[in-house]
Amino acid sequence: MPYVNIKVTREGGPDGKGPSAEQKAEIIAGVTELLVRVLNKSPATTMVVIDEVELTNWGMGGMSVPEFRAKRVGNEESKAPD
Amino acid sequence: MPYVNIKVTREGGPDGKGPSAEQKAEIIAGVTELLVRVLNKSPATTMVVIDEVELTNWGMGGMSVPEFRAKRVGNEESKAPD
Amino acid sequence: MPYVNIKVTREGGPDGKGPSAEQKAEIIAGVTELLVRVLNKSPATTMVVIDEVELTNWGMGGMSVPEFRAKRVGNEESKAPD
Amino acid sequence: MPYVNIKVTREGGPDGKGPSAEQKAEIIAGVTELLVRVLNKSPATTMVVIDEVELTNWGMGGMSVPEFRAKRVGNEESKAPD
Amino acid sequence: MPYVNIKVTREGGPDGKGPSAEQKAEIIAGVTELLVRVLNKSPATTMVVIDEVELTNWGMGGMSVPEFRAKRVGNEESKAPD
Amino acid sequence: MPYVNIKVTREGGPDGKGPSAEQKAEIIAGVTELLVRVLNKSPATTMVVIDEVELTNWGMGGMSVPEFRAKRVGNEESKAPD
């Protein structure tokens, strides 16, 4: 009976305002299947909660995400999403 | 000095958009009283945070709540709320 | 299908090392019953996780719990548990 | 690679609707610096998530925050913010 | 830069005391890959924390896990793990 | 009345088994002071919980921390702690 909490930034998806219902359903199905396969957990009692977090409420590297991305672009370090 | 976090789906309540302020206050009072009674905790330093979560962000049985309920109705398994 | 997380300090109980299994079962039953009664939630899909936290890992008032209690005793403010 | 979650009531800030982006960035920078200084953690892999919580969803002393403040004013106990 | 928290009961694994390091690494790799595939997140900044929880600290259906399983066996309802 | 949860790997400190009580008290004092200074929160009702997490239970970059560090050393990318 696992409990999974997934936090992602509220962005992307079909309208740029966060993952679509289909994407969230795919995440729920995928992480449940993973726990069944690796740990033999019951899917029936596996609970998943997804939190979508505003960009200014998320920090990495001592900076909020908007600052973090602005600085990274300046450094030309990486084009990868985060 | 307990800390309690309660996550519920954002639905029900007087306008169908989640628990009313009165219902949330009753939950806060009730869980605090429970910890005082069973574990002799101080109510003064008991903190409770309630999170209301969109239905598409909550999963059970490998499905999001809307899928989970649609399938359950199809199975005629249960009329109970969840 | 609520999810409840309750954090308490690891102390008290029959051996001073935290709540007994019976006390934890009573907390689980009590908070589930509360959510059924106030919000009409299904007990079958209500999940509760209790975390027991070492005293030095918990802070209140800018102090760890051992410091907080030592200071409170000095102030003779209160005899209540916390 | 610490993870920090900070929950505050959604109030205050420039428009009364919660901390400004600048205040949240200052919190992110400050807590990251603290973990670097005290525990020698790497800032690059320190993640911070701030949750802003509605007043009626937060409880203290067995009451929701609006009730808690109304009662405190009645008692003239304290003028301090909380 | 997602954050994932996975809570499972502390049981199973090679010695019955919880998932092995290999199983936990497989969970970490799998959920990270899922977020990359479905939401195009960067694996480099995806953080995963697994919590293993004692059986008596976990509740479902208003009962602790030991009670829940004892009752289920009595009902012969299901042989599935949970 | 903020609530802060800080998760760190269980390592370092005086005996290599995690932060000392003094270090944890310094973290508690520091983050409380930060919230008082930036957001004018009351220290009296600020709660902090520190979780120490086993290295094999923490993942970054799709790998558990032991794998992550072994690979990083191989790449000679960085000497910084994490």
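Chains: A, B, C, D, E and F, in written order; residue numbering restarts at 1 for each.
Here, a residue touches a chain if its C-beta (ideal position, glycine included) is under 8 Å from a C-beta of that chain, and two chains touch if they have at least 3 such contacts.
These numbers come from a predicted model, not from an experiment.
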Practice problem: Kindly list the shared contact partners of chain D and chain F, in label order. | Solution: B, E
Self-check item: Farthest-lying chain, centroid of Cα atoms versus that of chain D
Solution: E
Exercise. Farthest from chain B by Cα centre, which chain is it? Let me know.
Key: F
Quiz item: In degrees and to the nearest 5, what turn takes the CA positions of chain E onto those of chain F?
Solution: 120
Quiz item: Just curious, how far off is chain F from chain B if you go by their C-alpha centres, in Å?
Solution: 30
Quiz item: Approximately how many whole Å separate the CA-defined centres of chain A and chain E?
Solution: 18
Quiz item: Where the centres are mean C-alpha positions, what is the separation of chain A from chain D, in Å?
Solution: 23
Quiz item: In chain D, what residues contact two or more other chains?
Solution: 1, 3, 7, 44-45, 47, 49, 58, 60
Quiz prompt | Which pairs of chains touch, using the document's own definition | solution = A-B, A-C, A-D, A-E, B-C, B-D, B-F, C-E, C-F, D-E, D-F, E-F
Quiz prompt | chain A-facing residues of chain E, complex | solution = 1-9, 12, 19, 23, 26-27, 30-31, 34-35, 38-42, 44-45, 58, 60, 65, 80-82
Quiz prompt | Sites on chain E touched by chain C in the complex | solution = 7, 53, 56-64, 66-67
Exercise. Can you check the complex and tell me which residues of chain A touch chain C?
Key: 1, 3, 45, 47, 49
Quiz prompt | chain A - residues contacting chain B, complex | solution = 21, 24-25, 28-29, 32-33, 43-44, 46-52
